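Presented below is the structure to which this report refers.
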Amino acid sequence: MAQFLAATAPYDRAKAVVYGLPMDWTVAYRPGCRLGPDAVREASWGLEEFCPSLGRGMADSAGCDAGDAPLPAGDVEGSLKIVEQAAERFLRDNKFPVFLGGEHLLTLGTVRPFFARYPDLALVQLDAHADLREEYQGRRLSHATVMRRLSEVLPPGSLYQVGVRSATQEEVEYAAALGSLVPGGVLQAMKALLPELARRPLYVSLDIDVADPAFAPGTGSPEPGGPSSAELLEALSLLGRVRLVGFDLVEVAPPYDPSGITAYLAARVVRDVLLLVA
Amino acid sequence: MAQFLAATAPYDRAKAVVYGLPMDWTVAYRPGCRLGPDAVREASWGLEEFCPSLGRGMADSAGCDAGDAPLPAGDVEGSLKIVEQAAERFLRDNKFPVFLGGEHLLTLGTVRPFFARYPDLALVQLDAHADLREEYQGRRLSHATVMRRLSEVLPPGSLYQVGVRSATQEEVEYAAALGSLVPGGVLQAMKALLPELARRPLYVSLDIDVADPAFAPGTGSPEPGGPSSAELLEALSLLGRVRLVGFDLVEVAPPYDPSGITAYLAARVVRDVLLLVA
Amino acid sequence: MAQFLAATAPYDRAKAVVYGLPMDWTVAYRPGCRLGPDAVREASWGLEEFCPSLGRGMADSAGCDAGDAPLPAGDVEGSLKIVEQAAERFLRDNKFPVFLGGEHLLTLGTVRPFFARYPDLALVQLDAHADLREEYQGRRLSHATVMRRLSEVLPPGSLYQVGVRSATQEEVEYAAALGSLVPGGVLQAMKALLPELARRPLYVSLDIDVADPAFAPGTGSPEPGGPSSAELLEALSLLGRVRLVGFDLVEVAPPYDPSGITAYLAARVVRDVLLLVA
Amino acid sequence: MAQFLAATAPYDRAKAVVYGLPMDWTVAYRPGCRLGPDAVREASWGLEEFCPSLGRGMADSAGCDAGDAPLPAGDVEGSLKIVEQAAERFLRDNKFPVFLGGEHLLTLGTVRPFFARYPDLALVQLDAHADLREEYQGRRLSHATVMRRLSEVLPPGSLYQVGVRSATQEEVEYAAALGSLVPGGVLQAMKALLPELARRPLYVSLDIDVADPAFAPGTGSPEPGGPSSAELLEALSLLGRVRLVGFDLVEVAPPYDPSGITAYLAARVVRDVLLLVA
Amino acid sequence: MAQFLAATAPYDRAKAVVYGLPMDWTVAYRPGCRLGPDAVREASWGLEEFCPSLGRGMADSAGCDAGDAPLPAGDVEGSLKIVEQAAERFLRDNKFPVFLGGEHLLTLGTVRPFFARYPDLALVQLDAHADLREEYQGRRLSHATVMRRLSEVLPPGSLYQVGVRSATQEEVEYAAALGSLVPGGVLQAMKALLPELARRPLYVSLDIDVADPAFAPGTGSPEPGGPSSAELLEALSLLGRVRLVGFDLVEVAPPYDPSGITAYLAARVVRDVLLLVA
Amino acid sequence: MAQFLAATAPYDRAKAVVYGLPMDWTVAYRPGCRLGPDAVREASWGLEEFCPSLGRGMADSAGCDAGDAPLPAGDVEGSLKIVEQAAERFLRDNKFPVFLGGEHLLTLGTVRPFFARYPDLALVQLDAHADLREEYQGRRLSHATVMRRLSEVLPPGSLYQVGVRSATQEEVEYAAALGSLVPGGVLQAMKALLPELARRPLYVSLDIDVADPAFAPGTGSPEPGGPSSAELLEALSLLGRVRLVGFDLVEVAPPYDPSGITAYLAARVVRDVLLLVA
């Protein structure tokens, strides 16, 4: 019910649209990321509309918070269909979308229309986990299989996986065949990718668990050993130099973070992205 | 992975079976009851195997903890099918099941085979909510519609709703037509029902939110104004006088209860039921 | 930023107005009730718009959530002035106000215009504390002195204190001179008062700490030994038989209640009051 | 390091002495009651020094907070010896002690000197658990065996167990032989005991878990089904009619109660006891 | 009521004085830093009195914990006056003060007497926020305006802002005119400043939110992207090379940090400062 | 009751054994690490059995989770004896043990048999605290004295202390005489030690508080200023190049970390060690 900080433009006039996707139907261990969108919106009001390091302010962005998608609880296919239709609408209306998850499976719905529109699109996934399993707990549609499903339909060479530090042996082998894993830390990897990414439209999918759990404890699958929030924010600031066409931020699970810092980090990321694309 | 207190008999020799159903795919506001079964098992080890007020001990019950059903996350129909097959197996094997939810929609799966076996079965629902909506958030299968779905297939006069203090106007009218709402507090209602229930086999479905939130804060939809744990336990002790054939306890959501008292109350309920049916 | 459940009528057409007063400048031990209004609004969406025991639904109430008063943080007198002007406006516009605190000192601002309008007004305070100190921590304006300040300007015989179980000796003596303390438990006291109250317009000020801390842990000054939420709700249901003209609910402090049950109880109280005055 | 509310008299002039015993070496499931004394002291400052229902104020009590006993962490026998010596000193100095635990095993140390001094002493234990095991986890000295150990050295007929709702079958049989279990709820039992207790000096040992977990979640072994804080406080107010010579309050474990209400209840109990013996 | 670790010298003999300023009247989003002083004191006892990296021990410092200032809740001007008088007294008595906030507005009171005494004083602010707004929420005295108010009365060139990563566009422009923002990370900035600072008396004001929220989640306005506690402590160790005359640490808000690590970091900072000035 | 991830081999066939030591009898400030072993086991199931950076999988390790030692609560000497016998058995059976504490005093029991077996053993302690006190709170056996006790019986030159940032002056002097403190950060120190360690069998004792509290808030004595989890994991990965013969991980105290990230970090460490020794 809340709105994201300063994203108060009417839909028609807005360049960027914040859209909540409160789904966590396939989360295995620690559910609750369906509560993520509202927590991120609420935390956003603790930030400023201006970013000193980017030197830009929200007033310029003409962002619109379009609320949450009406996702049917417990209906994976139905939810993905709604998500996909929303992405298609934003593309049709020439909006830059920032999708607020919800679980990572959502990216299956958000990203497919972008590949339809931009055949040379690059997809950068920032994530502690590879999400390349063939199936998980008996299901082919899961937060742990989302990049596998995408890899089956995307053009070769379009997926870049950054920050991955958890994967099964099978996932590592599959990723090696794909050539998707970008070595090194998040900032180092993003810097290395920049020349290549600069030539293509780009969609970024950020799983908040890419940050070390100290910086984002409120998530479903904390994986120690990740970057700090400072490093992550610096890496994302590089997106100002590429042609970003879509963004999602997923897996913020407020029940596991009574301090609320995960939502603050997520809100900061979203605000910075809105500033970068304004 | 843990076992319920003293429920260590092999399946073949056990009279009662504890079975976890870790599903919360359709929970609207506060997910997390998929974590309920393990929390209840863990809390159970803080209790004794003997109950002074019932004068019985767990050693007699020969209970078996059969672990959790492998429910596919986010697949409502698939999960219900697995639940229903489990219930059928327990009936076939002549076991008394205690199902540990998980959300209340699970009762749709657990209870149907019992009606197939016992055509004169009575179903007593202890719950703060009527769960009689025609649909909820666009879905006909939901924790908020479960008793409506059951009412459509059960024989008239088989549903007894106890402790309900939250319902829409439509639900109240539907319940009035059904004659399902038992007036008064939980203990008073159970005492009033006893003569009638004593003549039929009985399945009891207990939504932990029937207790006041002070006694069970760890649940998805806290509804103030309910009974104390003392009253609830006394009401359940009356089940020793009827022919109980099945039991489920649902909606324990640990993330919202850092003190853990909800799981202790749930564990106490399960232990007492195991003692009563031993 | 959120709205209270179903309080979506435009101001002009609404009979009742929900208005947040996010102030806790004078709270001594556990601040945080300035966060109360939004927590209560958020929790309200977990309730139904209809109350089975009252037999009424929110659709009838035409309530409006007018947001929060712009109270200047740390400015007690300035805040009280804004509060008082808001109360005057609601009276002028013939609205029934439900003020959501915030600390109890706010009642000094909300209630004075009601006495100006209704000289025979009765003020019922439901509270664990007498709030009758001459001064507190060197200040005459404090959550602990609010009823003393009011007693100095109200007509004799207009203050009724229900549920008080904490007071200094001086407060007890002052209350004895006033004749304000109503003996007995909350429900018993309200029943006893009913004949007397039925003859006068009534303003009710409910400090959530009147409930036992088990039912409302999220408050600044928990005082053990109070009524259950069931007893409190039953006592409030008696207000359907009197001429209620104003209501405030104060001292909900979310930081001390990670389970959120305090906000659910407060939301239930507000919803029931809205139903009663509709 | 904090002091209990108003217990600021010098030791020599004080009638009552508050003394912390921060030990939880034998607690099995949820340790942390060694942190109880300070949490209770801190919460006490949220209360008044006067009790309206008792009609007495702390100024009269001349209480002294003597700090904490220097108990060697992990040394059960050594700790008990220090505790016993402290009790002997308080008896010698003619002080009324209020011992703040810490775990219940401490009562083995506190109560023995009282029986040496008062051969006709009655010991009233308010507790959810019988604590009558012969041994627990291989140890004869444990919070779960404390009353068994005492029963072996106390005169027959001196132990009264009130509020017990958890025990093994062996404990129930042992208690039956002792005749120690007082039937009924806490208030009912205390009322029934009063005539008998009025003839003897009395030591009361209160395990906070005698209250229902809703009212005292911060404890090591929550056992659902107990009395409310209101009932418990009313039962304790009866102690004004007997010759109370010593008191302990044990098993307050703050880590499990983020709301702090357990410490408030304990502080209220201690304050009321100090008022009663002043 | 507690004392800071080893700060047990009598006031007359102490070189340094720890003084609590429990005020948060103007905090906008997450109040509770009025509880900071006691939380920091309590945490300090988990530290050693000696610091291996500084090679110094508290025994040398002859520190005194003078308790808390009696700040009138909700009275901003009155509180600031008391704070200012305390600072004047410490200066008069030749004490080195460590002020424990409370909110950042307190620095307006603490620092002005220091400029009166040391006209060439440098003020170093370590903070995530610039606090240079002209007004905030309609008020000119606020935690968000404190450095603006100071900048209006301090000599030009006396304010150094380190670690700032949140500001409005207006604040950035105002700071540019002032020349107050020190670029780079906290450690880098402090190293760069050192030569300049070494020539002047220095007052340091540390807002704990300068650390990344992972290291200090218990604060009112978490701002991601800050330094680690290791970097912050190293930066502060440089203060051993300058002529430090006063220090404050503000914005520790315990309710938002159930783990308590914020208070541990703050206590460590205070201990190190006490060691440096001993 | 739970098992560690993939440690499901039968004892006879296992190369490595995970063994829980749930003891915290001597913990001074924040008890609860007796709950550590189960929390670490539970968290382990959120990890993968394969580590991409190590390039190894758990399937190879043939680990066995042998459950918890039956340590008598509150009996320090008795517990240490049981621990020592367990270590002897593992040595006799040629198993690599991973001991899960529990408090650090346990290392006194685990490590002595290893020195009996390997006279040239090196003991590397990763810890924020030196643990070299002569006595603590009047006791010679304590988590704060464990390395002092060991230093009295181990051969000179066998103890290496890494990451220590808290110690008394006496401890620093004692360590200087021992030559045990390894200067620099954890990763730097481990790299520097590597050549020396490569020539000897090695036992590593890891106190989780060596990590900065942001990465491991759930511990008894948080000490700010430590390494990140990424640095710690990288330092531990160096153990693949030495002859590791035993490992313990201690001081994980779940009650102080509602987010659970401490247990995830500890589980990750244990998993990596199991992979390294497989």
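By written order: A, B, C, D, E and F. Residues from 1 in each chain.
Assume a contact is a pair of C-beta atoms (placed from the backbone, for glycine too) under 8 Å apart; a residue touches a chain by one contact, two chains touch by 3 or more.
The structure displayed is predicted, hence computed values, not measured ones.
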Touching subunit D and also subunit E, the following chains: C, F
Self-contact between copies subunit A and subunit E, residue sets same or different by half: different
Angle (degrees, nearest 5) of the CA superposition of subunit C onto subunit D: 120
Between subunit B and subunit E, centroid-to-centroid distance (C-alpha), Å: 55
Between subunit D and subunit F, centroid-to-centroid distance (C-alpha), Å: 38
Set of subunit F residues in contact with two or more other chains: 30, 45, 212, 214-215, 228, 256, 258-259
For the subunit A and subunit E complex, residues of the former touching the latter: 45-50, 52-53, 57, 212, 214-215, 228-230, 233, 258-261, 264-265, 268
Residues on subunit C engaged by subunit E in the complex (per definition of touch): 24-28, 30-32, 34-35, 70, 72-76, 105, 137-139, 141-142, 255-256
Of all residues in subunit E, those that touch subunit A in their complex: 29-30, 164-169, 172, 212-215, 217-218, 221-228, 256-259
